[in-house]
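The following blocks contain the structures, represented as structure tokens.
In what follows, chain A forms one complex with chain B and a second complex with chain C.
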Partner chain A sequence: MKAQIRMGESIAVMVVFFFLIVIAYSFYVKIQQSSLAVDIGKAQELRAIQLAQLVYYMPEVQCSSGTQLVKESCFDTLKLEKFKGILAGDGRLFYFRLFGYSNISIHQVYPPSSWITPDYDYDNDGTKENILLYSRNAPQDDPIRFKSTKVAQMPVALYDPIQKKYAYAYLVVEYVY
Partner chain B sequence: MKRSKKAVIELQFNWLFILIIGAMILLFFVTVIYKQRNIADQRLAARVLNDLESILTGAQVSTSTATRIESARNEIYFDCTDCSCSYKISNLFGSGSISYDGKTVFAPTELKGEQYLAWSLDWNMPYKVTNFLYLTSPEYRYTILYNQDVSAAQQFAGDIQYNLPDAFTNIKDENAYEYNLDTVAPLGIPSKNSYKARLIFVGYEEPNIASITNMNPLIDHLDYLDYRDITAINIMEGSKLDYGTVQFYTLTKNKERFLLQKKSYYIGIAGLYAAIFSDDPDNYVCPMNSALQRLQHVSSLYQQRTTQLRTRPPPCQNWYSQALNPYFTILMTNLNPPPDLTTNADYEGDFGNLYNNAFQQNANGLAFLNSRAQLFSCPEMY
Partner chain C sequence: MSINRKSQMEIMGLAIIIILLMLALVFVVRFTLIPNQNAPKKEFSQAQIAANTLNAMLQTNVEECNEATIERLFVDCAQRTSIIDCGTGGSFVNACDFLFGNPPGINSFLKNSIFLNTLDLWEIPYTLTFNDAQEVASDSGDEKCSAEHVGTVYSSRDLKEAKIGLGGGTVLIVQMELCS
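Right, the complex of A and B next:
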């Protein structure tokens, strides 16, 4: 009888011991997994910056001279205008693979109002000028994805090759993931 | 002193108890170690994935750059089945396949080794269209063999090596080998530890390649590899660095002979390297088709831009008018739809003409008009 009680005690201690270890370990694994998810998620966060980089150096918008890119951080306004048309037309499907669900716009800072090409979309206040180059809204019915937005901004010069004038602007990329 | 029967049973039961509990504790810690290892592997794989994504984006941005990427012993699989191109990292459970997202990446079906090699090259037709990114591994073996009966083959083989960056030692440190497929064994091809091999034939015809059997020292030399791990590409006679025809080969079971898998074409030296580094025809034609689609959009953009520039006064107007018709138009119409590389449509005999008419002449014409526009301080066409 005594031996049975002793054995029962030992088993109870072991059960409690294992129970505590399992709980502690499951917490540890959860923390590890969430930390891993953060690492994987960083790739998504980087995506906005990568997308901004991608647009920044696209031959479709960049100022060029032959095959040489003459000015870095420079967008040709004529190219922007035509590219906007292509993105809304024939190239819609093709460039969706590159840009995904995102909004890409160029906001002119200086001069504030005298820039004439290309056709601008206006912000809500009607004063600042910006070129909405690409816009694709994410589906709203997905319960898990497309709940976060990351924004990346980069300064850029706008160049009008006809008037041979420059303007200061910045590129805004909003990436939905 | 003699123990009672009860005490003996208790003692045995104690030992049994210790054994069971000990086994459970051991099992528990083995599980913990195994799980920890998986998590560590996944963490490394996630880091490799982030690095790779950055490299892929970087390749779209900067050109002619070669880099080495630490792989942390992760394998990457590239697949373009049904032209839905994606890649997958071996240790990253649950991440699924990651789409190329329209990027022009050319890689073998499997990347393995401690490091990967990445190289980007711009594709100009004649204006810049996109950058091609090539991925391979230093442990992937490449051997160039040229046909000594074709006068330009040796020079061509040398050019393939010469234009590669220094980091690609797996191709650059070997010489192009003079090799008669019928009689002479390849001389001095160094034996190396590699997980895959690709033979790059220059200037041969299909019967030459098909005549290689497992009795051939060339195949015998690669006996440590499975037949699925040996592929070949033949850059056919008459091909140039600018354009040409390529044939993709695989080995049959038991390495009996090479089997022609697909015949295709390349445009530009960047296209040639794309065919060399893609050991599966789909891994070549699908991203290449994507590049041709982009060429179409970029050409359309420049055409529209030039149309608008035509409102400029003479002499600028003259250059733009001349450029619009026929140059841009031909560039677009002859390639719209582009020579569909995904089908087995055979452009044999005509591809050179197609290239010469559609690309070379019009590209040269455009380049001339663009330089004239530049000379007269007119806005350039591209």
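Right, the complex of A and C next:
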């Protein structure tokens, strides 16, 4: 009888002990999950910046004179217009490998009235002037991926080679992951 | 013999309790005492934004000032030559007043036309200083973005400079500070 009581005690202690271990483990897994989500977020933020830099330093859009790059932080608006056409046409597949599912646009800040050569894509309210360079929507049927977006912005000058004038703008990269 | 076994069991129990306490301590140190590091994005992109803001801004032509570039306006402001008229409606406005406002900060072109829809919109505290004298600063944040407030109000600060040569060894310095 005494031995049975001892056995019962031991079993109860073991049950409590394992119960505590299970609680601790689930707590640990939850913390690991949240820190993993943070790490993934940081990695995707870096990817968005990487993408913004890629566009920022593309010779396809940078201001140039002859064969030499002459201006930093500058996009040639005629090159932008041409590049936009390439992205929507023959270069669609090639640039998809670089840009993936993302939206790349340029927002003119100053002067507010558009004088630069390419056509603008107006927002719904008709006030903001954007050049939508690239847009590829992510598939909606994927239950896990492509549910979040990271945004990176970078100021840039827009050069109109016809009027030989510069406007102040910024590049926006919205990366979907 | 039974006394020995009982004391052994008690020591085992104590050891388990100590191990559990140590595990708990490791968790506390990991999640509370080690400070959160800045996101790599902020550290990296802030320096880029500061440099690119300066580069892009200095090239921009200003309609109100007969299409002069902002760099040219800085030169005119520093030399006090008042060659460029930035006034509208017949009144003369010199480059300094136009760029930084008169009184300073009021109707500043840099503030209203350049930074309001970029750095202010992105809520990045900034200070643009010209020749250690005139400046434009953000409204966001409790304190001005400067070296003295790093470590107290802000965790990091990036400083970029643009130098404009005037000839004869004179150089104008435009500084852009971004904080986070």
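The rule is simple: the second predicted complex is superposed on the first by the 167 of 177 C-alpha atoms of A that agree within 3 Å, B and C clash if a C-alpha of one lies under 4 Å from a C-alpha of the other, contacts with A are read in each partner's own complex, and residues count from 1 in each chain.
Following the convention adopted for this analysis, contacts are C-beta pairs under 8 Å (C-beta built on N, C-alpha and C of every residue); 3 or more make two chains touch, one makes a residue touch a chain.
Every value quoted in this text rests on a predicted model; they were computed, and no experiment measured them.
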Just from the overlay, do chain B and chain C fit on chain A, or is there a clash? fit
Going by the contact rule set out at the top, does A:74 touch chain B (first), chain C (second), both, or neither? second
Figure out whether A:153 sits in contact with chain B (first) or chain C (second), or with both, or with neither. second
Quick one: is A:60 in contact with chain B, with chain C, with both, or with neither? Answer first, second, both or neither. first
Quick check for you: in the superposed arrangement, does A:31 touch first (chain B), second (chain C), both or neither? second
Using the superposition on chain A described above, determine whether A:170 touches chain B (first), chain C (second), both, or neither. second
Given the touch rule stated above, what does A:46 touch, chain B (first), chain C (second), both, or neither? both
Touching A:110, do we find chain B (first), chain C (second), both, or neither? second
Please indicate which partner A:140 is in contact with in the superposed arrangement: first for chain B, second for chain C, both, or neither. neither
By residue count, is chain A touched more by chain B or by chain C? B
Specify the angle subtended at the CA centre of chain A by the CA centres of chain B and chain C, expressed in degrees to the nearest 10. 100
Lowest C-alpha to C-alpha distance for chain C against chain B (Å): 9
Identify the residues of chain A that lie in both the chain B contact region and the chain C contact region. 42, 46, 53, 56
Of all residues in chain C, those that touch chain A in their complex: 20, 23, 31, 39-41, 44-45, 48-49, 51-53, 55-57, 59-61, 63, 67, 69, 113-114, 117-118, 122
Show which residues of chain A lie in contact with chain C when the two form their complex. 20, 24, 31, 42, 45-46, 48-49, 52-53, 56, 71-74, 109-111, 152-157, 159, 165-170
For the complex, which residues does chain A have touching chain B? 3, 7, 10-11, 14, 18, 21, 25, 29, 32-33, 36, 39-40, 42-43, 46-47, 50, 53-54, 56-57, 59-60, 64-67, 69, 78-79, 82-83, 85-86, 90-91, 94-95, 97-98, 100, 161-162, 164
Of chain B, residues touching chain A in the complex: 6, 10, 13, 17, 21, 24, 28, 32, 35-36, 39, 42-43, 46-47, 49-50, 53-54, 57-58, 60-62, 92, 95, 99, 101-103, 122, 124, 126-130, 290, 293-294, 297-298, 300-301, 304-305, 308-309, 312, 367, 370-371, 374, 379-380, 382
